[in-house]
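By written order: A, B and C. Residues from 1 in each chain.
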């Protein structure tokens, strides 16, 4: 009775296999040209003249100084924004108050500002034509074209990362746990330390990860305030630019490859956090 | 009398009472930090702009080089965002609906532009799309790098994850039954996609477009290497700000920054409008 | 349209969801597919619609073998459990969708579509709501929009998946009656899936009782309630109690003792009876046990009775007792089924 040649069933909520393959190939080609090839080319260019020159470029004193400065700037900027992120998300997620939505918009503001402008605002604030700059200079404090300016610009551009990760997470968790802990006699700090923090630790880590990646990689804002004093106020991205403009391609890509590796590690950890703990965008309702 | 006064007093209060401690401390710290790092510096920018006076401001803005730079920035960002809408939606669809080897890896890779420092992206794209680069050499004598097209390439790179990551979660939430319903009503797959699926994604697509566009307008690091930076042709507005600063022309830099900032705020406002509109009409989209 | 289902089998990843199912649906009938979740009722509905294809077997629409026709070709009206309304379209656009996507050769002109949409809206009593969006409607209104949308394509058969599942109890009852009237008026062959027996018995011409991928019984409400064909149907539909019995020389024995009822054909079996088919009686040859609880159920009172089972956990049965002469908790009652069925082992 049954037929031998049945047409294969295709779900009405599905495309033809051929269309699927074409769309997949199109996506792969697009991502290949715009994401994969650029990434690969960084490493290829870096090793073009062999591992010896690659290594030379990294231990050269100016490069070492740039690596050192980049780590230091991130080590200051990330904890500052972490502290802010925790405070802001506590205030926003655990309380109902007037003007909350507006405050959240303000926190997101740096994301919609050109990095160049983020640097510019500090130049205007501390530059020679301002009120503050000459005053601070007379006390011996240098902000612009010095490390403090670089830190400030970095803090500005990485400002929202931790907060915007924690606010939705803490809002989802509500206030029930905290109220229970307080009713059991815990102090405010104990409640935060033993109840809130364990609940948000993966989201926190996720935010710190993204914040750190941006802090180490920021270019536009930092380039405006740095003054590019080689070996003193050049972070790794700025050092890359200097080397590139000197047509020292191998060295430029060698330093760039370190930053690319940082990006890959960040992506790997981020993906791991999303898969394991549902942190970040993947941590939806499902 | 006293009762109504109490009610009136109770009606306006900053925060709803709560037994949870730390409101004053955390909000106070947040506001102080926000003001010091973000608000006061931005206010300073506007203050300096105001000092220029309307005439001075307009003179800088109407300068032909400024106008061209703004045109290049907005034009290339617009084209790149359009390209990203088309390919971003396809990529998001492939990632949510199809299963193929390496899907997870590709999914993770989409965030690369978020994680890769812009300067690195800039020199890598330049090396790739320059006349002697792997891709650029394929298109010779047609030049990609060092033309406005190069800027578009860099902005496609920068903007892609904004579209994919905005559209993807909405696609994941799409109700398959909706597509089956369209099929039972006689719609073929193309009609289902064009009349049922895509209109449902419109708010997310518009938001992704606006985000990619806004980011593209302000982008600096990845663009300056590939752009060629020829005044009037491939010079973007952020670069012009930097050039004015290097010439100690603070007034020029300030005026251009202000107009860009105002346009960014307007875009932010538009994004919020899109989302409010789609929430109101379609429920929580 | 008459629908014939011949020896349908459906496997999902080697797991059989439907096993050798055959069913004949008469033109204009209102059929309920009733069963617990996992019984395969929704799978069968989706196979009829063409939203899925069977692993083996055929589906005929009239004389036409539709087994391998796509869902678009079948022209069936399908109402999804959660309605699957297009949320970016107004009510009118939703209903007109099926006409709008037709190829231009058979697509009615715009004015005609508008007229049909407004007729359908009147038919489902939603006139005046054409401009609303689905999220501005109540659950019951959405359900009727979904129905109107399915009817707009003039389907050969109307299929409804748990049509009242997502509604609250009161709206459910109203819509149930309304759907029956709607069916009587339009005369469409209609199949609906439900896990709610009350809904199936009240609404359907015939009820198809399903369990574990098989059809247990097909029949009218009276058939499946009064003459259950299998132990599953007896226990799934209505209230019932069961006891292991033995038939010897035409007498039914429980725990070796006669209980005052007789049956032909000797051997062991399972005795099924309903709480209301029981007489309280004061003789030796009867069932007896201790009252453990008594509860009010609408217009009746049900006593829960434990029957001792020498050391093992007691048998638990339920019988109806007089409403105004409640039995005392802990007292012993004796009773005999007046109507029963013994299913042989």
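The working rule: a residue touches a chain if its C-beta (ideal position, glycine included) is under 8 Å from a C-beta of that chain, and two chains touch if they have at least 3 such contacts.
Not measured: the values here are computed from a predicted model.
**Q** Compute the centre of every chain as the mean of its C-alpha atoms, then state which one is farthest from the centre of subunit C.
**A** The chain lying farthest from subunit C is A.
**Q** Where are there more C-beta contacts: A-C or A-B?
**A** Result: the pair with more contacts is A-B.
**Q** I'd like the Å distance between the centres of subunit B and subunit C, where a centre is the mean of that chain's Cα atoms.
**A** 54
**Q** So the centre of each chain is just the mean of its C-alpha atoms; given that, what is the distance between subunit A and subunit C in Å?
**A** The separation of the two C-alpha centroids amounts to 57 Å.
**Q** Could you tell me the distance, in whole angstrom, between the mean C-alpha positions of subunit A and subunit B?
**A** Each chain reduced to its C-alpha mean, subunit A and subunit B end up 15 Å apart.
**Q** Going by the touch rule set out above, which residues of subunit A reach two or more other chains?
**A** 12
**Q** For subunit C, jot down the residues that touch at least 2 other chains.
**A** Residue numbers touching two or more other chains: 50-51, 70-72.
**Q** Could you say which residues in subunit B touch two or more other chains, in rising order?
**A** In subunit B, the residues touching two or more other chains are 180, 182-184.
**Q** Show which residues of subunit B lie in contact with subunit C when the two form their complex.
**A** Going through subunit B, the ones touching subunit C are 175, 177-178, 180-188, 191, 195-196, 199-200, 202, 281-283.
**Q** Of all residues in subunit A, which touch subunit C in the complex?
**A** For subunit A paired with subunit C, touching residues are 1-2, 6-7, 9, 11-12.
**Q** Please output the residues of subunit B touching subunit A within their complex, sorted ascending.
**A** Where subunit B meets subunit A, its residues are 14-16, 18-23, 25-27, 29-31, 33-34, 37-42, 44-45, 48, 87, 90-91, 93-95, 98, 100, 104, 106-121, 123-125, 127-128, 133-135, 153, 156-157, 160, 165, 169, 172, 176, 179-180, 182-184, 189, 192, 214, 217-221, 225, 238-239, 241-242, 245, 250, 253-254, 257, 260-261, 264-265, 267-268, 272.
**Q** So in the complex, which bits of subunit A are touching subunit B?
**A** 12-16, 20, 23-24, 26-28, 30-31, 33-39, 41-42, 45, 83-84, 86-88, 90-91, 94-98, 103, 105-107, 109-110, 112-117, 120-125, 127, 129-130, 152, 155-156, 159, 175, 178-179, 182-183, 188, 191-192, 210, 213, 216-220, 223-224, 236-238, 240-241, 244, 249, 252-253, 256, 259-260, 262-264, 266-268, 270-271, 281, 284, 286
**Q** Subunit A touches which residues of subunit C in the complex?
**A** Residues of subunit C touching subunit A: 6-7, 50-53, 56-58, 68, 70-72.
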